[in-house]
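Once you scroll down, you'll see the structures, which are given as structure tokens.
Next come two complexes, and both contain chain A; in the first it sits with chain B, in the second with chain C.
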Partner chain A sequence: MASVAQPAGHAGPATQTVARPATKKNIGFWSWITTVDHKRIGLLYGITAFAYLLIGGIEALVIRSQLIAPNNDLVSLEKYNQFFTMHGTTMIFLAVMPLSSAFFNFIIPLQIGARDVAFPRLNAFSYWVFFFGGLILSLSWLANAAPNQGWYGYAPLTEKGFNIGRNVDFWALGLQVLGIASIAASLNFIITILNMRAPGMTLMRMPLFTWTTLITSILIVMAFPAITIALALLSFDRFAGTSFYIPYIYDEATRQVVARGGDPLLWQHLFWIFGHPEVYILILPAFGIVSEIIPVFSRKPLFGYAVMVYATATIAFLGFGVWVHHMFTTGLGPTPNAVFAASTMLIAVPTGVKILNWTSTMWGGQLNFTTPMLFSTALVSQFVIGGISGVMHGSPPIDSQHNDSYFVVAHFHYVLFGGSIFALLAGTYYWFPKFSGRMLDERLGKWHFWVTFAAFNITFFPMHFLGLEGMPRRYGTYGEGSGLQLWHVVSSVGSYLLGFSFLIFMYNVAVSLQRGKKAGNDPWDGATLEWTIPSPPPVYNFATVPVVRHRDPLWEEKYAKYEGEGHAEEETLETTIAGIKIGEGQVPDEDALEQAERRAAADDEHNIHLPNPSYWPLVTALGVFLAAFGLIFSYPRIPIGALDLPLYTAAGLLVLVAGVYGWSLEPAS
Partner chain B sequence: MGRRDQDDQSPAPGRRSFAYRIVTLLAMTVVVGLVLAACGADSKPYSHITPRSSTTRDIQSLYKLVFWLALIVFVGVQMFIVYTALRFRQRGNEVDRPAQIHGNKRLEIAWTLIPAAVLLVILIPTIQTMYEFSADAQEGEYVVDVYGKQWWWEVQYPGLAPNNGTLITANEVRVPAGRKVKLQLSSNNVIHSFWAPQLFGKMDVIPGHINEIGFTPEKPGVYYGECTEFCGVAHALMRFTIIVEPQEEFDAWVAAYNNERPATDAKPETGDVADAPAAFGACLACHAVNNTNAVVAQAGMASNPYSQGAGPNLTLFGCRDFIGAGVLANNKENLRTWLRNPGGVKEGNYMALLIKEGTLNDAQIEELSDYLLSLKPAAGCPEDAREQQDAQDKQGEG
Partner chain C sequence: MATAVELERAHGAGHGDDHGHADHPPTSTGLDHRKLLMWAFLASDCMFFGSLIATYMIYRGRAEDLGFAPFPSEILDIPYTSLSAFVLLMSSLTMVLALAAIQKGDHRGLRIWLAATALLGAIFLGGQYFEFTEFYHEGLSLQTNMFGASFFVLTGFHGAHVTIGVIWLLTLLFLSLRGGVKQEDSLDVELAGLYWHFVDIVWIVIFTLVYLIPYDEVTETQTGAFTYLAGILRGVASIF
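Showing the complex of A and B:
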């Protein structure tokens, strides 16, 4: 790709000299389509993902409405299967992951004192590929072929013999396209964070959210190849008649069952080698967000910063070694199950450390329960419930009762809603002033929080009981004699209230965008660099590149005399906790920092280099979309030489090549 | 913790007890919910916290250990959070920033090691239990083969049919009480999972693999089970029963199933296909009735993986409790409904490819349902005796 031409640390080859970027009005539809500004891309991610969050929510309400009565026929079983498949797929790939991306995009360059990400056009490309991946999945509804095999798509139910329609193709190719977006974005953020930090911001001075973004991006780069391979093999099975996941086929001619050598468990291993790190891809950004919010509203630095960093890294590392706990009931035998039970339980340790460190951050503070703080505290408390139930089915014999029951549904909603969504809402309230220049209304915010908190527990806590009473997952109906209706009704009522809570939130956003209090640079008495610049930030973010001498640079500036306290303790913890000296050698000496400061001051804001808008990322992404679309709708076909290609795929490949060439040949100004 | 403590040496007792009350309330909700979930076990046939075998009792005792540890952790952590949140609320009169504490090495090491120790307490019995279960499955002496189908279960008893043949039935697993049973699970289509919550935990039924469950049924009775791995349209309607009966009743059932009768008896009691209504001919494409000339349908691994041409074996259908893998109780009314439009009762099922509303006329439906219900021994179904026993037991317990 064109990006190889770009030396890391610079904005990219296509630069311009902006006279005064702040006064240059850059508005209108096309400016958003061609934008390469990380803040606008962040907002595009946020808006698109929120729309999908609402769609996924509506899908959830259909599920809950179906289950409110036994033998209900609000939707057919086939439609119900589509709804729960799309609810899971939408929430994971189209809502929570891109909502995290929205925060990565908007906040990370601001937190590390950079003017943009390392590869701004690659960043735009990631967004557009995500957009088209979402479009492929959404188009399935219009084709009346929404995926119907579960978000985890266990083979051989996904094979042509058992799923003849396009449903699975929409899903497999939609996820492939989304994977391209995720990997491109993650490489971009790894490179940005490693190379573009302000002078003086050592790794151990990075804000926790920057740390979790870095680690999440590494997780994505390492985990997504597994599902890419899994989906490619599945597509070979479906399109080319291979049998990677098929042990038997039926030979119509001889009326015999014939062995084909494939194995359904191959899919499960590949999928969960991706799938379990994916859980941490969804939750680690959330941990980062609350690690920013809790110190600010406690007016105290994060308790045990170094341990929090190590805990995050440990969770990510162990996350690759626990996938078999999704397969405890597949009959792998007691020895593999014992090993993976142990690694699964081990992962509770760093997670528990995080919970206690957050609470200790609050201990002795001056807690200001604003809406972001309420959501963050709720995360700490509710995640404990999801963590505990996670340890329960970490034990294989117990899991043989809990697996695929509503107990598991309760567990992961406590983790994903009580964890990820609570943190994303907290982050929205916290950074909304930075996005928009206005505060979200606090009174409405508190209503929003308490309704969400109550509704969340009314919806999901009863699912524990449903699980114990034997309600399996992915059941579109249950019998009258099963004694399950009571808790289903409670849960459904809770889900309607949860839907209502999002109306409060949207009303708050709509009202606050018009009439919200002006935010100023630093409405929350923040500690990190994003609060040193105007809200919303100018295109170039920092007029002068900041120099960082402390982990909480803005607090150091505002409260130098308090920051002195306990600083030595911080350093010792940082340098000795792992038994090796970390940090010391990396802290630049004062001379270097002063030099950097002089350079930054001389670097007058008339001379800021910003990347030009570009439509090539969109063109390239469109090529990816068309190529995938042609594999789903494989007619009409055109013969090219010996090849017989689907028309759309051929066209897509041409557009893709044109996009890449246009991108790399784009003039520098 | 510095300044705060000096200002406010002891938090107001009212607030402390408020925190305590909130958490107690939460904990009580959990316990009350569990009690509610556990009680009325009879009306909750799929509840797994009412174990009825040694296997599930072992799981339950492990679960209890984890549950009480979890409850302690839950209450402790929630109290810590709620207490901290209430005690250190901003009052609005702060002039100074609070003490800037960056961490506490000793505390952090402590709360790394203590959870690790607690987890070890769970892990050790977990591993012990797993190896015991595995050994149980190996020791099983009474082998029953179970095949997952879309969307019903085929049950095979090797060696129980005449001439050491295989006895084939569907959706009901009959086992003699007190014998060590080994269930061998397999599929040639998609993945299913076999779960009878009160007797044993889930085990997946995976094409290309043979998985085993070992358990020892104790008290005679009917236990309910269901499929718990998503297997397509009618996944939610793939139920089964495990019927535990004393050895002699089980033997009587096997005999009835094999239709043992004097060789001189020219006419089988289960109804010859020659006696069947003409419409039954269509059924024979997929269904079999043992000991008649109606054994064309395929069974087990040899059947079509795409679930065509292989339906449940209908031998002794008149004695079955349910129609359509646990979907409807087996009686004449329901059988009529089923035969009129099986797809309306159980969406997606393969019988509905052939039999749609109007395919069979009223007279044929009437004949067929009469015939199917007549598929039982002249002396009545073997379980009639068991039902009487059950009724007596219930009176005794009540």
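Showing the complex of A and C:
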């Protein structure tokens, strides 16, 4: 048998030699509620997150409509605060992160040749906690108390003295719950990638998307604790009367200002120690997606694979050492500003390496500009624009001019929309055949791309000018005769066009699901393992566990016989920079791989073992939700001993404990 | 990576999902999924405690600076807490003995040492409860000053960890009494042990930074630009 289990081109389950595992009812509402299948969880993540992307988009359209005219009163300034806060929070935590999660869930086990993730029930738990976290944030609209303090929630604006309503509580508790989901999911993916690779898939043979998923997961696990603690301290300030972020209070009784000893800058430090790695949590999966797509449509292996891996790891590592560049104007002094300016500019080096590698991959390739390739190349160009304005902000004197202006808004939309969203759309077009079995329509796809690309630039490029002309970030109005209206109008018109582009996309998805071309196993002539199996994949993914002998296993499988014709190049496990060897991979033992192959073949004699569906992840997640909900709606209360607990919190803790015990005592499979 | 030896070992160590089954596929690293998960979780937990300890270090001495009594130097009872720290550290020894017992198939030994570990943990928690009550009566609460806030939150967070650990140990003890912990399930005990030792190690750090280092050395108001960074670095470095 060749190095991958199922040669491409063979259609569907006909090639499977095993009895299909007994699947009871596997359609219907409850099967989705209790599912532990990574592919279904991936789809759930994708659908939920896309809904939030639309909500976040509508919030953005409200913002743009408010700013289309000077002194506009479409929404009140108080509501405007809620719209921009929820736009940022929704897009970051409820749209881009979970959309990346959708790809992690669906694609990673397929790329590494696994039948599921390491902890299927933990995976379901992550989804449900994410779902409930999003619900908490969304409920704030119904309670007429949407968060109103900006997505990075600077103290003391978040403190009771300045923000008496429940707005901040919804935000703090919602993010706290979402953090649990992110950490649980990331732990799962770290273990899955480290431990469930197919035989022969060494670390340096993993597809680049798998690498960026691993590194992103490590970032989440190490960065989220900082915001968890920051939010916990904020909640203590709001619920328990501490003053972690409160320097002074006004004492009504004595009519005097009294020192409390807290420090609002502590919030900024803790928040940005999380917040800067968060930027890479949003962009690294996008880089991974693009690194999968560009080689396939350039008909060349990725240029400088090993350096690409090291660059990803370097970006992640440096990402923990640059947070003060968000705080240049807080007056920390010249020394910290200089140190963090240097570390910030240093990050441009590995990022530039990536840009170079993508262009070098395309250089001399047989370029095929399908929709995924168009979105990927657009990422490369648009991210460079956002990246360069990022380097400008890395300089403290320039930053103090740009800080809190629309120039910054332009910058992070170029990296988040021009980077993350473009890549997520590219990934959707690229993997949609694998999700659904059908291709997205290419003609509509190209329309979608060009409208998105144009609208994106019309919306966000003028924001550079607005910023330099003095338009401050987060202002819901501007004066007549300020000279700002022209670019605001251009930007707003662009945003409507951008909204329209998503209608094209949704139309494309709806039409293609019904009438799209059948995809087959491998519609793009791909290089990685997910293209060796049917589309959509069977519930067990791989009938036979594949054995990997090359970095691009499917290309090796398909093209090794044409050796010398330039396709599957000889894999080198040495890493060189400018001709100097800097690393050497370990060549796996051929005997061991043959043993693994024999073992995989022997495995087929038995039925494939699949985890059972389970209610417990949902129950446990429901407990988390109730506990958090009780802290926001703190009445009615019930006294338990010396404690006076909110009813919902007490009930939630009980459900949580029941869920954990039910879960750990239930057999996994 | 995948040398012959490692692939073979991986096949031998084929414990899979939440409960080990012999027919699960081998793992790429040769380590059990759950063990790797626990290590990764503890790395994350380091960052939780790191953030809290950094917060404590930043506000350390601020009660004296502002003259808000009670001060840590007059309220902390080092001999008393040394005793409860000693109790907690000894529980790591009994935890090791519990794991050693089940690995040898000694179920009686497992139960004795699990019970002993849970009991020592419970004594530590009782000591903490008494200490908190005592401080409260001496006028230190969450709201009193920055020392009260950061002290109670940090040590309370650690206490919550110990509480979860005690419940976990008691659950294992209960399962063992019903015959649910077999010799080949020793990983169940090992995971609880990893968590327990981690919580003990964190207490060594907290005990040193909160109790042992004298407070009168930090009298000057720390307003320097690097205070935060230094505090955070000290906090993080202290974990390792």
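Keep in mind that, in the parts below, the second predicted complex is superposed on the first by the 614 of 669 C-alpha atoms of A that agree within 3 Å, B and C clash if a C-alpha of one lies under 4 Å from a C-alpha of the other, contacts with A are read in each partner's own complex, and residues count from 1 in each chain.
In this section, a residue touches a chain if its C-beta (ideal position, glycine included) is under 8 Å from a C-beta of that chain, and two chains touch if they have at least 3 such contacts.
This structure is a prediction, so every number in the text was calculated from the model and none was measured.
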| item | value |
| --- | --- |
| Touched partner set for A:Gln366, first chain B, second chain C, both or neither | first |
| Touched partner set for A:Asn144, first chain B, second chain C, both or neither | neither |
| First, second, both or neither for A:Ala596, with chain B first and chain C second | second |
| First (chain B), second (chain C), both or neither touched by A:Gly333 | both |
| Which superposed partner A:Pro397 touches (first chain B, second chain C, both, neither) | first |
| Partner chain(s) touched by A:Pro199 [first = chain B, second = chain C, both, neither] | second |
| Partner chain(s) touched by A:Leu265 [first = chain B, second = chain C, both, neither] | both |
| Which of chain B and chain C A:Val384 touches, first, second, both or neither | first |
| Which superposed partner A:Ser31 touches (first chain B, second chain C, both, neither) | neither |
| Doubly contacted residues of chain A, that is, touched by chain B and again by chain C | 262-263, 265, 333 |
| Residue numbers on chain A that touch chain C, as the complex places them | 115, 118-121, 183, 187-188, 190-191, 194-197, 199-203, 221-226, 228-230, 232-233, 236, 240-244, 259-263, 265-266, 269-270, 273, 332-333, 335-336, 545, 586, 588-589, 591-593, 595-596, 599, 603, 606, 609, 611, 661, 664, 667-669 |
| Chain A to chain B touching residues, read off their complex | 76-78, 81, 149-150, 154, 156-157, 161-162, 246-250, 255-257, 262-265, 298-301, 303-307, 329-331, 333-334, 337-338, 341-342, 345-346, 348-350, 352-353, 355-357, 359-360, 362-369, 377, 380-381, 384-385, 388-389, 391-392, 395-401, 403-405, 461-462, 464-465, 468-479, 481-484, 559, 562-563, 565-567, 569-570, 573, 577 |
| Interface residues, chain B side, partner chain A - complex | 1-2, 4, 29, 33-34, 36-38, 40, 43-49, 56, 58-59, 62-63, 66-67, 70, 73-74, 77-78, 80-82, 84-85, 88-90, 94, 96-105, 107-108, 111-112, 115-116, 119, 122-123, 126-127, 129-131, 133-134, 150, 188-191, 193, 195, 197, 200-204, 206-209, 211-212, 226-237, 239, 301-306, 326, 347-348 |
| Of chain C, residues touching chain A in the complex | 1-4, 6-8, 11, 16-19, 21, 23-25, 27-29, 31, 33, 36-37, 40-41, 43-45, 47-48, 50-52, 55, 58-59, 62-63, 65-66, 68, 142-143, 145-146, 149-150, 153, 171, 225-226, 228-229, 232 |
